[in-house]
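Same chain, two partners: chain A is paired with chain B first, then with chain C.
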Partner chain A sequence: MFTELDPILHSQLRLAVMSLLISVKEAEFTFIKEKTNATAGNLSVQVQKLREAGYIEVTKQFKDNYPQTTCKVTPKGVEAFENYVRALQQYLQVGGNGK
Partner chain B sequence: MHTEEKEFSPQQSLDLIRSMISHTRGAVVNNSFYFLLWGWLVFGCSVGQYLLKTYTAYPFHYMVWWLMPVGGLISAVYGSRQSKKTRVRSFVGDAISYLWIAIALAFIVLLLVNIMREKGWQVAFTYYILMYAIGTFVTGKLIEFKPLVIGGLINFVLAVVSVKFAYDEQLLIGAVAILVSYIIPGYLLRSKARRQNQTHG
Partner chain C sequence: MAEEKQMTEQESLQLITEMINKAKGHYQESGTGPILWGTVVGIAGLVSFAEHYWHFSIGFDIWWIVFLAFIPQIVISVREGKQKKTVAYQEAYLNTIWLVFGISIFMLTFYFNVIPGASERLMAGDNQQVWIKNTATGELKQSRPFILSAQSLLLLLYAMPTLATGIAQRFKPMVIAGIVCYGMFILSCFLSSTWDLLLNGVAGILNWLIPGLILRARYLKGKSC
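So, the complex of A and B:
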């Protein structure tokens, strides 16, 4: 009866990254790092996992001679995020009714 | 943020989503620099031309408007510096940029129309004020900032009123229009952004 929570999204840091990206057009790695308080290493790993799942697009380029990584959510990512939130609502509704 | 494998409940998930979204939603789009730059430039040029035309015999009173390309240059330099600093692009921010690019193009078109059509400049301010109205009203709605919306609405009215006046008086109506739609909201927006920066450190 329950929709299983997407394991890619049901992880604190990955969910935080997706939540940040869902409401903007694109954001730099440094911005995401600052808002999530994550370490660069851990964030890199999680961003890579989201990219492999096809949920985000990662662009690396040079801006004023500095490397810059930009992340952007994909349509597949938006759909996954919406499904995840819907599944969460199911869990919460059942929890609420059970009280 | 702790390790990724830590178990967390649906409620915690939802709280996390809410908190992250608030980081991006809360940021005030601070484009007060442009409102103040263009506000004071247009205000100064309008009043300046009015004074030169009415109280002096200086025949080249319209030369004050050559300050407009200077404003364009300052905006372009400022804009390119800001874009290098920007680390996050929002849909609203992009929408506002495209709106003002379209309005800048419309001003150039109006300038050409005024030059090509004999005495076109006599009604020029009606259309300029209409452009201020559209720009500030839409920007105000997009960033949910009432002073800009109110300034825009007042300008829609002023655009109609200006038709009834000759060019000299239109200069003063233009000055009032820019004061209520750019300068006053510009200062209010700047102080709102500063307050928010202080709160968020």
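So, the complex of A and C:
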């Protein structure tokens, strides 16, 4: 029986954000924007969805008089990401065997 | 990148791999810190060796420059911290290792300075004193208790974070320097303290200055691309 793919993660931009954050301790919003080539508006919406799901932590502060937003994956986010990758592997294994 | 696009499982996996590689490729050490510490430890070691070997004095303890180097190091750390957009896990762990190394060096210096006086007092409490006998003339001279081959302990301490960083980052110059530094520690156990000072200077150059210059060259090359 297949595990259902997490709908929060099974979206291109949210998955890209999570994959970036899983690799680092924390990252600035501008870094995520640069690496995903997303617009600030779209990225803000998706970051908010990930935050509401409890997958990431968002910290807003001022650095040299400029607002700075930092994102960090939470333990719940790590677990969800691992489950997502495991579910993907299940699908791919079956797909690969069927060929 | 559009949020709504439906992905196949294969595409999801490709996206994960691509993003992880993008995040990994971002971190690049500027080499400024290792150059600073390699230079000061190298100069301090070589100058103090020269003072002992050729019997002259520059008028102050050259090792103070190592403590003064904390000032530019703080400035460098703050400046680089401001420029950083991410903190990689490995970077965070290695920074912790170097912070603990800094504390350990401080504690070892404390040990070097405190032990002779403390030992003298403890021995006096037991009605004991240290005397050194010249076996050729038979002359007896009272001495303060002292730590034998103290500089060897510094070499031992230098080798630890250097080798750990080299292995973690797969950076051969630091792996080689760390191993050579352990070798220099063993060698220093059989040499006089004058030669230990020379080994300290060489360790500074090998462990940090040379790897720092290599890192700097890589960093500048990466920036210009």
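Methods note: the second predicted complex is superposed on the first by the 99 of 99 C-alpha atoms of A that agree within 3 Å, B and C clash if a C-alpha of one lies under 4 Å from a C-alpha of the other, contacts with A are read in each partner's own complex, and residues count from 1 in each chain.
In this section, a contact is a pair of C-beta atoms (placed from the backbone, for glycine too) under 8 Å apart; a residue touches a chain by one contact, two chains touch by 3 or more.
These numbers were taken from a predicted model, which means no experiment stands behind them.
Look at chain A after the overlay: chain B and chain C clash there. After overlaying the two complexes on the shared chain, residue contacts for A:Gln48 are found with neither chain B nor chain C. Residue contacts after overlaying the shared chain place A:Thr3 against neither chain B nor chain C.
Once chain A of one complex is fitted onto chain A of the other, the partner contacts of A:Lys35 extend to both chain B and chain C. In the overlay built on the shared chain, the residue A:Gln12 is in contact with chain B and with chain C. Contacts of A:Thr59 after superposition: neither chain B nor chain C is touched.
Overlap of the chain B and chain C interfaces on chain A comprises residues 5, 10-16, 19-20, 22-28, 30-31, 35-38, 42, 46, 63-64, 85, 88, 91-92, 95. If you check the complex, the residues on chain A that touch chain C are 5, 10-16, 19-20, 22-28, 30-31, 34-38, 42, 45-46, 63-64, 85, 88, 91-92, 95. Across the interface of their complex, chain A is touched by residues 1-5, 7, 9-10, 12-13, 15-16, 18-20, 22-24, 26, 82, 85-89, 91-92 of chain C. On the chain B side of its complex with chain A, the touching residues are 1-6, 8, 10-11, 13-14, 16-17, 20-21, 23-25, 84, 87-91, 93-94.
Residues of chain A that touch chain B in their complex: 5, 10-16, 19-20, 22-28, 30-31, 35-38, 42, 46, 63-64, 84-85, 88, 91-92, 95.
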